[in-house]
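After this come two complexes, each holding subunit A, first together with subunit B and then together with subunit C.
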Partner chain A sequence: MRHGLMLYFRLVGVQIRSQMQYRIPFLVEMASTGLITFASFATLALVFQRFEHIAGWNLGEVAFLYGMVETSFGVMDMLFSGFDPQNFGRQTRLGRFDQLMLRPVNLTVQVLGSEFILRRLGRIAQGTLVLVIALNWVDIHWTLAKLCYLPFVFIGQICFFGGLFIIGATISFWTLESIEFMNVFTYGGTEMMSYPATIYQDWLRKFFTYILPAVFINYYPALFILDKPDPFHMPAFASYLAPAAGFGVLAAALAFWRFGIQHYQSTGT
Partner chain B sequence: MTPIIRVHHLHKHFRLTRNRHGLLGAVRGLIAPEYRTVRAVDGISFDLARGELVGYLGPNGAGKSTTIKMLAGLLVPTSGEIVVNGHVPWRERQAYVARIGAVFGQRTTLWWDLPVSESLDLLQHIYKIPAQQFQRNLDEFRQLLGLDAFINTPVRALSLGQRMRADLCAALLHDPDLLFLDEPTIGLDVVAKERIRQFIQHVNRVRGTTVILTTHDLSDVEKLCERVMIIDHGRLLYDGKLEFLREKFGGKRQLVVDFAENYSDAPVDGAEIAGRDGNRVTYEFERRVIAASELIGRLSSQYRINDLEVREPDIESTIRRIYEEKLLENASDAAN
Partner chain C sequence: MRLFFELARRSFQRQLTYRAATIAGLVTNFFFGVLRVAVLTAFYGVQAEVNGLSLQGAITFTGLTQAIIGYLSLFGWYEVMNSIYTGAVATDLLKPMGYYRFWMAQDLGRAVAQLVMRALPIMLAYAIFFPITWPKSVGQWLALVVAMALAWMISFSVRFLANLAGFWTPNALGFVRFAFILMYFLTGFLMPLRFFPDWFVRLCNLTPFPYIINTVVEIFLGVLTGPQIVVALLSQLGWVVILGVACQLILRAGVRRLVIQGG
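Then we have the complex of A and B:
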């Protein structure tokens, strides 16, 4: 366990150093990712010039939803780069996973340490910026409970998205063709979570409540922090489910991952 | 002494979906997929003693790499038993792979963007190699493999031969008991091949590492292996000494003679004339029928000879004959 952790930091450290070798391209790419993702927020702001409210949420409040998801997704995308389904699937076809299996280290640690894309900082910075803007625009009644809860919401979101990446990577043991299907959940999920759940059709909202518990990851914590009423009349604890839902998805993903490795060992590619 | 590898009735069957044509076929394939079973490895048994260097040969698709993958713990057999170094490879992966090394042909185990030296440092931590042992091994391999010329070069910038040398070093730093080499000389020039062969020989003889070598290049086998295993269609066709294989299936040897004068015909008992070119005559003869010394004696008593040369049938044509004529299919039990 300790060996795994030490090794993880060593592997990540090596990635960071080699990515920093080319400082200028690195900075350019980071800045451009930041700008491109920020453009989608700018579009959102333009829409609000016309409507002012979407389903009872003003721009600042939606910016809070958006900033939370962007930041946590960015952090996840950096930490879980090794599990990025498309990349992982391709690497596995090239025999890379076999190489990892030949080393006496936990496979999950090795995959996590196999890729650490530092330039995702661009997206994280963008998300944080939007979040700061949101906190400026919205007058939040900060309480100790809210302050303590916020980091757990973040962790829950990171686990949630990380779990989706792991599920996608695991599916790539079986097939590469339908891997884009997973993007519906990962990228579609971030998009969906950036808006208030009331704007969605009933069936879609139910899917993201009972099948993939995405609404508890961002929307319900936001209701709690922004002191907004729950239009769906869930029990009050729904707002506190973000860490549990996040951990739950991650745990399920890891179980599936272990199953996938067993399958891989019995069939190869 | 207990063998380092014990393989008993090993089978690996793959179930492949049969592709059907057209849209209708695709839909049917989705609803009721049709399978066919491929017996990639179909009942293989062998033992390997510590310190052996064995060549594992076979044409593409014969089941070579499937066997190696099972031995290395990457694949779980359909049935049969494998015990390597006291472990069932796929069951105790981490403990098992800590004591083996592997170089799989074109695929590097090193970090693409890192200098060789940094990759090797990482491996020290991965295998928890004590600093002293690491340094001692690294010094030895650096010298034997000539790594110094490119030890600070990123792996992506290495030539194929350099990368193979770096990979060999990487596979051996932790003093594995057993080394798997899959096509270690593929795509290399003659000089690079020779260097790698010498290194493999050193590792086997001096360090006592057991080596399993799969290769297409039969000169690898000729130079390195006393024992060969030949596999085709998932079955072991031959397991025994390379020398015996050559004797039994080697086909004809040749004796090339430069005569001192031009004989219109130069017959000799026990050999046939296969070709002539001026004063040079090429005879073919079989080991079983006549020894080279005897043949030379007969020739020199009848004719005046300037020079002569005995040519052994090369192992490549021997093995090609074995595949093509299925020479071993009935003989495999006898060879075991």
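Then we have the complex of A and C:
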């Protein structure tokens, strides 16, 4: 365990140093990945001038949903890049995964440490900025419970998205190509979670409640923190499910990942 | 010209081979369309029309924009940059054809393939699941065809231009990405430009970006009529010329800097 952890930090350290080699391109990339987050939000803010609210939520409240998801997705994207289905499929096709299997170190640690994208700090910074703006616009009645719960919501979200990446990576053991379809869950998930759940059609909302528990990850915690009533009349504990749902998805993903490794067949390259 | 179409045909056929990727892409594009329909429907609420655009028009907008993502390569296109880095550019420059036209021919084949394999199925799926509108007259269809063709040429030149940054820096990825981000927001892809404040639209209209998507959308929806259509198409044509010249000039400057590492 300690050996794995040390190795992980060693791998990540190497990544950071190599990414900092070309300073200017690094900064440009960091700024541009951040900018896309902020520009999305700015677009939304401009459109809100014409519509004023969406399903009873004002701009500040939507910004809260949006900032939470963007920040945690950014953190996840930095930590779990090794599992990014788009990248992992290519690595597997090239036979890089076979190389990892030959080393006497835990595979999960190796994949996790194989890619650490520092420029995601741009996205994280902009996501946090949106969140700060949201907190300024919305008059939140802070209580101790809310303050204590907030970090757990973040961790739950990071686990949730990380789990999706791991599932996508595992599927590419079989498909061997980057599967755009996984974007439905990852990027589609962030898009979907940035708006109040009432706007979606019934089947879509049920899918994101019972099959992929996405509504408990962001929408329900937001209802609790913003003191909004639950239009679906779920039991009160629904708001506190974020960490459980996040860990649940991550645990299921890791089990699937181990299953995938056992059934892995190399491409022979 | 024969060489041009031969290249386009080959590129078209190459696209057709990725069948699984196409189906996965279709599902993804359609799914995001469904999310965008939900967002716009909720924004409209009880309003029937917002700044000259009906809810039905807004739903059609999401379908049309999702349908032409592939046709216009909206989410990224790094082929020229990559060919500069791999050195393939050296042999491509020796070919009996201008470098700009060489890539344009290949992109034409790619675009047409995307039109057939992505744009059509998505519009059909939309027609089944959502109440959408279609162009109503032959004139509108004709204008749409011309606008689509010009939109592709503008999009190609913008992408080509951004990729040329590869001649100047060993890592142009950030720069090219940045160009695609601009494309994402200023073309009217994310939201119809009509929803934005007037000052913002005026700012966008100074750039070539709205002529890649917004013009096509407004002609499709019948928001533009008669002389407005003519003005829109002429503006598109103007940008095609300006960007075409810019591509050639900057390409020439870039080639002069090019150093190929012999292998």
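Throughout what follows, the second predicted complex is superposed on the first by the 261 of 269 C-alpha atoms of A that agree within 3 Å, B and C clash if a C-alpha of one lies under 4 Å from a C-alpha of the other, contacts with A are read in each partner's own complex, and residues count from 1 in each chain.
Criterion: a contact is a pair of C-beta atoms (placed from the backbone, for glycine too) under 8 Å apart; a residue touches a chain by one contact, two chains touch by 3 or more.
Not measured: the values here are computed from a predicted model.
Q: Applying the document's definition of touch, where does A:255 land relative to subunit B and subunit C: first, second, both, or neither?
A: neither
Q: Applying the touch criterion given at the start, work out whether A:94 contacts subunit B, subunit C, both or neither, answering first, second, both or neither.
A: first
Q: Who does A:195 touch here: subunit B (first), subunit C (second), both, or neither?
A: In the superposition, A:195 contacts subunit C only.
Q: Tell me the contact category for A:3 with respect to subunit B and subunit C: first, second, both or neither.
A: first
Q: Does subunit B (first) or subunit C (second) touch A:103, or do both, or does neither?
A: A:103 contacts subunit B only, not subunit C.
Q: Looking at subunit A, does subunit B or subunit C touch a larger number of its residues?
A: Touching more of subunit A: C.
Q: Once chain A of both complexes is superposed, is A:145 in touch with subunit B (first), subunit C (second), both, or neither?
A: neither
Q: Once bound in the complex, which stretches of subunit C touch subunit A?
A: Listed in rising order, the residues are 20-21, 24-25, 27-28, 31-32, 34-35, 38-39, 41-45, 50-51, 169-175, 177-178, 181, 184-185, 190-191, 195-197, 200.
Q: Would you pull the subunit B residues touching subunit A in the complex into a rising list?
A: For subunit B paired with subunit A, touching residues are 14, 66, 69, 72-76, 90, 93-95, 97-98, 100, 102, 104, 107, 109, 111, 113-114, 118, 122, 125-128.
Q: Which residues of subunit A touch subunit C once you look at their complex with the stated criterion?
A: Against subunit C, subunit A makes touches at 22, 24-26, 28-29, 31-33, 35-36, 39-40, 43, 46-47, 49-51, 54-55, 175, 177, 179-181, 183-184, 188, 191-192, 195-196, 198-201, 204.
Q: Mind pulling up the subunit A residues that touch subunit B in the complex?
A: The touching residues are 3, 6-7, 10-11, 14, 18, 21, 94-96, 98-99, 101-106, 265-268.
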